[in-house]
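Shown below is the structure under consideration.
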Amino acid sequence: MTSALLPAAANHPPHEPALLGQYRHVRAATEAMVADISDADATVQSMDDASPAKWHLAHTTWFFEEFVLAARIPDYEPVDPQYRYLFNSYYEAVGARHPRPRRGLLTRPSLDEILAYREAVDESMLSLLTDAQTDAEAALVTLGLNHEQQHQELLLTDILHLFAQNPLRPAYAPELTAPVIADPRPAPEWLKFSGGVVAIGHAGDDFAFDCETPRHNVLLQPYALSSHPVSNHQWFEFIEDGGYQTAGLWLSDGWRWVCDNAIQAPLYWEERDGTWWQMTLRGMQPVDADSPVTHVSFFEADAFARWAERRLPTEAEWEHAARNLPATGNFVEGRTLRPLPDRQNTSGALRQMFGDVWEWTASAFLPYPGFRPSAGAVGEYNGKFMSSQMVLRGGSCVTPESHIRASYRNFFYPHQRWQFTGVRLADDV
Amino acid sequence: MTSALLPAAANHPPHEPALLGQYRHVRAATEAMVADISDADATVQSMDDASPAKWHLAHTTWFFEEFVLAARIPDYEPVDPQYRYLFNSYYEAVGARHPRPRRGLLTRPSLDEILAYREAVDESMLSLLTDAQTDAEAALVTLGLNHEQQHQELLLTDILHLFAQNPLRPAYAPELTAPVIADPRPAPEWLKFSGGVVAIGHAGDDFAFDCETPRHNVLLQPYALSSHPVSNHQWFEFIEDGGYQTAGLWLSDGWRWVCDNAIQAPLYWEERDGTWWQMTLRGMQPVDADSPVTHVSFFEADAFARWAERRLPTEAEWEHAARNLPATGNFVEGRTLRPLPDRQNTSGALRQMFGDVWEWTASAFLPYPGFRPSAGAVGEYNGKFMSSQMVLRGGSCVTPESHIRASYRNFFYPHQRWQFTGVRLADDV
Amino acid sequence: MTSALLPAAANHPPHEPALLGQYRHVRAATEAMVADISDADATVQSMDDASPAKWHLAHTTWFFEEFVLAARIPDYEPVDPQYRYLFNSYYEAVGARHPRPRRGLLTRPSLDEILAYREAVDESMLSLLTDAQTDAEAALVTLGLNHEQQHQELLLTDILHLFAQNPLRPAYAPELTAPVIADPRPAPEWLKFSGGVVAIGHAGDDFAFDCETPRHNVLLQPYALSSHPVSNHQWFEFIEDGGYQTAGLWLSDGWRWVCDNAIQAPLYWEERDGTWWQMTLRGMQPVDADSPVTHVSFFEADAFARWAERRLPTEAEWEHAARNLPATGNFVEGRTLRPLPDRQNTSGALRQMFGDVWEWTASAFLPYPGFRPSAGAVGEYNGKFMSSQMVLRGGSCVTPESHIRASYRNFFYPHQRWQFTGVRLADDV
Amino acid sequence: MTSALLPAAANHPPHEPALLGQYRHVRAATEAMVADISDADATVQSMDDASPAKWHLAHTTWFFEEFVLAARIPDYEPVDPQYRYLFNSYYEAVGARHPRPRRGLLTRPSLDEILAYREAVDESMLSLLTDAQTDAEAALVTLGLNHEQQHQELLLTDILHLFAQNPLRPAYAPELTAPVIADPRPAPEWLKFSGGVVAIGHAGDDFAFDCETPRHNVLLQPYALSSHPVSNHQWFEFIEDGGYQTAGLWLSDGWRWVCDNAIQAPLYWEERDGTWWQMTLRGMQPVDADSPVTHVSFFEADAFARWAERRLPTEAEWEHAARNLPATGNFVEGRTLRPLPDRQNTSGALRQMFGDVWEWTASAFLPYPGFRPSAGAVGEYNGKFMSSQMVLRGGSCVTPESHIRASYRNFFYPHQRWQFTGVRLADDV
C-alpha cells in the first residue's frame, strides 16, 4: 500500500516537542486516506457495523476537542456545539449522541466542513502542544492519537465494505502494487514452545490500551504454532472438501450463521466462471493462492482449524510466541513470528500488504487479572466491550505500524469479518 | 417556491417541435432542482420508501434510453451498460435490477457523472426529437416526460425527508418566501353537489396516465365538500382534544400504526417549549395556524374526519366537484375548488406553496371499469400498484403544474406521509 | 362435513322464544366443533393471524357477558373478572386486553374451564332470554350469535392451520366423506348481465352486519361471470405455465410476496413424487382436479385472472348476479349462482363441502355510501377494518348456513389465504 | 420443593444392577415433574429459548432410543419413526430435525402419547440394562441420564417462564413450603485464597461432561470470595441507587440490552403499590429481602459487581474455592461454599430452595487446554456451544443433586436469565 495510507514513522524536527510531531503525523495520515474519495463516498454507511469516513474524521477530532481542549481551556468555545452530539460515539458519560445506525444520514456537514473542523481543532491542539503538558494531559493526547489510529484502520475497512456493495466495484486505490511473492513459500512448519509460567500483557512506559494491562503470569501447556498463516490455497481445499456444508465442523452458533446467511466462502469472494475473485482496495482481483486468507470470521477460523485437526492458539500462546521465538533453528522467513514490534524484518517490505492479517485466537476478550478501567469518560475506553467478542492478534495490512506490538489485543464478534482477519493454526504438543 | 423548482409552462421557439420543447423544459427543471445540493445530498437514501436524488436523475434518464433510444436506434450503444441494471426501478420485464433499499449505497457514479449521463442521453434524444416521430414514439416520450415530472415531486419530498433526519435540519431552499396570508381566512363553507350519474376519468387527446382511464359513469349520492382544506389550526384542536389518544377514532390498522410508532402529530412537527415547529424545505419553521395541514397519513386524515363527525370524499366526488362547481353563489376565493386545471385562479399566486396539499380520498386505488394496462414493459406502469393504496387528488406545492388536473390519481399506502398530503372534509347531504 | 360442524337450521320447540332457540343452537354448534380435540389442540396459536380454539370459545362468550349480561343485570358479578381482560379482542372502548400474538400462551384456563365458563354464561343468558327483551337487547343478542358464527368458521380454519404445521399432519375430522363429483363437470359458461343502476346492500329486518348497509344504488357496466369457480385443474395449468414465475402477471406487492415467501402453489399444497397433495380437515389428501381451488390469496386470484385474460368481479357485480340470474336459459346446475340464500339448490347436498369457497372480488373493503358505525363499543364492529383489505363473497364449506347471503361482505388482507378462499372469473362484455 | 421434584438419591434393590437403578430413578423423577400439569401446559413453547415439557420428555427418550437401542439392537424398530425427526435437538449428524422455534406447534403427540413412548423405550432399556453392558454402552447410558437431568432443570425453568407469561400467574407447585430464614443472616464476610498453581477440571471415574475435562493446572492470583451470594436486599439498594439507569456500570452490549428491553429489575419481578413481587413456581410471592437474588443476567451480575466496586470470580477461582475452603475460622454457615458435593451441610435443609442459584462467573465458556470432543454424534455434546456464552457454577434450587459438583460448568448467553441465576462477588487481594 502506498505510504499515503501507511506512512512511516514520523521524523519530526528536533526542535519540536515529540508529542506535537506525533500529533501532526497521525492527523495527516488520516487526512491522506480521504484525499481521493468523494464527499458521497465519505458520507454513506454501508452497514450498522461500519461508519462513514466523514464520521471517522470528525469523531477522532471530537475526542481531542472534548477530552483535551474543553478540559484544559477555560470557557472553551466549541468549533460547533452540535458536533458534540453528532460525533460522540459511545461515551455515555459525555451525554446524548447520534444513534450509530443513523450516521450515514448526515450529508451535512460536508467532507470539506469536516476537514475545516479538523483544521480548527488542530490549530488549538498544536498551540497547546507547543507548551508543556502535564503527564495526564500528555497521556490523553497519546490516547487520542492511538484512538485515531484505530479509526484509520476502520476507515479503510469501512470504505472497502462500502465499495464492495456497489455493483460497479470501484477501486479505492487502483495504483496499489499487487502483492508479489518473491520466492515460492515453503510448506508451513510447526514451531514448538515449552510453555510454563510466562508473563503476558503490557509493561513499561510506552503507550498501550487499558485492556493490555496489567502484565501478569499465566501457565501454558507446551504447544506449537504454524510458521505461516493459513493461505488461500488451503482455504480452497477446505471449500472443496465441503467445509461449508459439514455441520460437525462448526460451533452451534457458527452453523446457524452459515445457514442463515448462506455463507460459502470468505467475505468479498465471488466465483466467476469457476475462478474465485475477491473485492479489494484495488478493486476486483483474482484470489491469490499463496496469500494468507483474509476476511474470515471466527466461526470460519474455528471450523477450519477443526477440519485441519488442529486448533486456534490462545492469546497467551500467541503473545508468548511473539515475544520468544524458539531457540531451535526452525525459524521461518515469514513475518508475523518475528519478535515484534520489529515489523520490517517480518513483513517483506510491504510485499504482503493485502495478505497480512489479524489472527483470530481461541480467547474471549475478557479483563486481565487485576484490570481496572480508568476513571471518567475515557475510562469507558475498551473495557466496555468485554463480552461476547474474541481476541485477534498481530495486525493487518492496514494497521498503523505503531499498533503492531506483541501485547495488542484487537477484538470482534465471532461472526464479523469485514476487517482483514485471518487464521494461524496451533496444536498441543 | 422559486421558479427553478416549479418552472412555468415552456415557451418554446415557434420553429421547434412542441415535443422537443417540452423535453428541454422538463429535463432542465429536474436539473435545476439539484443545482444547490451536494454529491452526498444526492446520494443518501433516508428510508426504503425514498430514493436518492441521483437515482431520480438517472432513472428518469434510463427510461428514455431504454424505451425510446434502444427501441428506435439499431444497435444502440448504451451510455454505460451497467446503468441498465442500476437504474431500472420495477420494470420486471426489462431484467434484473438493483434492489430498492440499496439505492443509497451507490456513491459511484457521482452526481457529476449522472449529470453527464443525462447530457449524453439528451443529445441523442434531442436529435431524435428534431425528426418526426410516430404517434407511438411520441406517446412514449410524453409518458417519459410525465414520468420524470412524477419523480421531480418525489425528488423534493425525498430531499426533505433526508434533511429532516439530520439533527442540523439543513434548509434545501432557504431563500424561499414564507407563505403570507393576506386576508384572514373566512370560516370554511360547505359546497353542495346533487350527485347522480356523472362521468369521471380522463377523456380526450391530452396526456393522462393509464390509470385515469377509461372515462366512465358512476352514480353519486348528493354530497357536500368543505371549501377549504383542513388547517393547522384545526389540527391543533384535534391534538388538544386527545385525537391521537382516542382509539375509537381510528381504523384498526391505523391505531396499531399510532401505537407502534408513538405518533402524536403530523410528520416533521416538533414541539419546542410549547410551540409546534415543522421541518420544511426552508428549514425549521413555526407551524402556521392558517396553512393547510400537511404530512398526514390516510390514517390520520380518516381519524380526523371521524373526530370532526364528517368523512373523506370519494375520488369520484372529488373529481366531479373539481369539474363542476355548484351554481350557487357560495364560491370561495380558495384555490383547489376552482375548475381545474386553471390553477392560477385558485392558488393565490403561489402564496400557499407550502400549504398546498394532496388530498386523501376515501377510495382505494383500483382499476376503473374496463381498464386495460398497456402492452409491454411500460404497461407495468401504474396498474402494478393497485392494491392496498389509497387515492389522493389535487396536487401539492411541489407538483409540476401540468400534473394538476381533475382526473389525476395519486396513490400511497395509508401510513405514508412524507408527501405533501392533507385533508379536505366531505359530508352526506 | 358432518352435521356436527354445520348443523342444519334450529328447530326449536314451539313454546320457546325464537331467540332463545337460536342461542341454544349456535352455542351448541360451537361446542360440537371442539368435541374431538384436546386441551392442547385448543390452546396453541399457530400464527399471529390465527387464534386458539379455546380463545374463540371464550371470546364469543365474553361478548354476551360484556355487552348483554353486564349491561342488563344490575351489579352483575362476572364469572371470572380476569376473563374480561383475557378475552376481549379489539374492543378498545372496553379496556385493556391481552395482546393478540400472546393468546397461545394461555394454557390456563383449560378447555374444561372454558367450557364451564360457557355453561355459566349460558345459564344467565337462557334465563334472560326466557323473558321478553327490548329490541335493542334482542339486536345485541342476535349480533352476538352472528359474531359467534363468524368465529365458528375461524375456529375451523385456525385448527386446520395448526394441524398443517405439525409434521404428523393430524386429521381434524377423519370420518368426513370425501367430496364426490357425481357427473363430469361441464366446461364453465359465461353468464351475461346487462348492468345499469342496481341496488346492493342489505335491506329489511333480517340480521346483517353493519358493513352490509345501507342499501344503495350503484351503476354497473355490462359484465359476465363464469358459471363455475376456478378448479384445481385450471390451477395446475397456471402452475405449469409458469404463473408463479412470471412477474408481469402480478401486482407489485403480490410479486414481492411471492418472492419473499417462495410461493409456488396454494397454501397446504405439497408436491410428493410428482403428485400434488393438500392438507385438509380430513388430513393429507390428493388434490382433486375437479374441485374448486382453495386457499389462494387475493394476489394469486388476481394473477390467475390476468393469466386467464379475464378479471375478478367487483363485489357489486357479484351481489347483483347472486340476486338476479340472467333470464336467458344458460343457467348452469352449479351452486353459487343460484339465488341466495337458497343454498340447498346450489351446493349439491354438501357434496362439495371441501371445495366450496369464498370468492375474492376486485373490491376493497370500504364503507358503503352513507355508512355510519353503531354507537358504543359494539360500534367498533366491522368498520374498524376498512383499510387495505379486499372483499370476498359467497361463503365457504365451513361457513354457517345462515351466513350465506347475497349481501354478506367478508374481508381479508390480500396476502392471506388460510381461509377457504377461491376465485370466480369475470369479464367485460 | 417437594421430593417429587428433587428426589433423593436412589436406593435401588441390592440385587439390581446399579445402572438400572439409576435409570429407573432418573426417569421416574422426570415423570414426577409433569404429574400435575396439563397436556396444554406441556405443549406450549413460551419463547424460542424454552422448550415444551412434552419435548423435554420425548427428547430425553429419543436420546436412549437413538444412541443406545438403535445402536445395540439389530434391526431395531423405532417406537414411531417420525419421532426421530420430531425430537432430535441439535445432533446434526443424526439428520434433519424439527426447527426449534416450532416445537410448541406440536399439539400431537399428546402428553399421554409421549408418556407411552417413554414407557415403550423404558421397557427395552430396562431389559437391556438387566444384562451386562460394555463400558462404552454403560458410558452412553450414564451420559443419557445426565443429559436427562439437565433437561429436568430446563423443564422446570421453562414451565416457570410459561406460567409467568399468563396474566393468571398460575402456580406450578402451590404446596411448596416458602423459604424460611431461621436466623437473621450475618453480614457477608470475605474468604481469602492465596492462589498459585492449582488444578481444576474433572478427574477420576465418576461421570462428568466432556467440557469439564481435562483436569489441568491454572495460575491464580490471590483473591477473595464473598461468603454469601448477593441478596435481594442488596439488589434493592442497587435499584434504588439508579443501577439500571447508570450507563457507566454496564458493558456496552449490556447497556443496549437494558435500553432495548427497558430492563428495570430481575426477571419475574413486578412492582405493585411500591412492593416488589416475584413470579415463582409457587405463584406470585413477595420478594424476600434475605434470599439470594435470582433470575439476573450476566450483564446485570457484572453491572452489580461494578456498582459494588468488586468483580465476578473466574470459574477457576470459584472451583478452587469450592474444593479448598480457607483453613481460617471464617467459615459461614451458608451452603455453597461447603466442600461440594456435600450439599446437605450447606443448603439448610432446603430452606433456601427458591434462592439457591447458579452463580455467574467472569469466564467465557471455552475449551480447557487439551479438550477433545468425543467422536460421533454424541461428540456434538457440549463443545458445540463454546462461543459467546459465560460459565455459571454451583447449581440452583432445581438442579438435580447429582449435578452439584465442583467441576460442573453450566453456560448461558450473557442476556439470558430465565434460569435460577445469581451472583457471588469476588475481589482481588
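The chains carry the letters A, B, C and D, assigned in the order they are written, with residues numbered from 1 in each.
Everything that follows uses one rule, which is that contacts are C-beta pairs under 8 Å (C-beta built on N, C-alpha and C of every residue); 3 or more make two chains touch, one makes a residue touch a chain.
Predicted model only: the values in this text are computed from it and were never measured.
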| item | value |
| --- | --- |
| Chain centre separation (chain A, chain B; CA means) in Å | 48 |
| Approximate Å spacing (C-alpha centroids) for the pair chain A, chain C | 60 |
| Whole-Å gap separating chain A and chain D, where each centre is the average of the chain's CA atoms | 38 |
| Topology of the chain contact graph, where touching chains are joined (line, ring, star, complete, other) | ring |
| In contact (per the touch rule at the top): chain pairs | A-B, A-D, B-C, C-D |
| Touching residues (chain side chain D, partner chain A) in the complex | 90, 92-93, 197, 216-219, 221, 247-248, 251-255, 298-299, 302, 311, 362-364, 366-367, 369-370, 380, 384-388, 390, 413-414, 428 |
| Residue numbers on chain A that touch chain B, as the complex places them | 38-44, 46, 82, 85-86, 98, 102, 104-111, 162-163, 165-168, 170 |
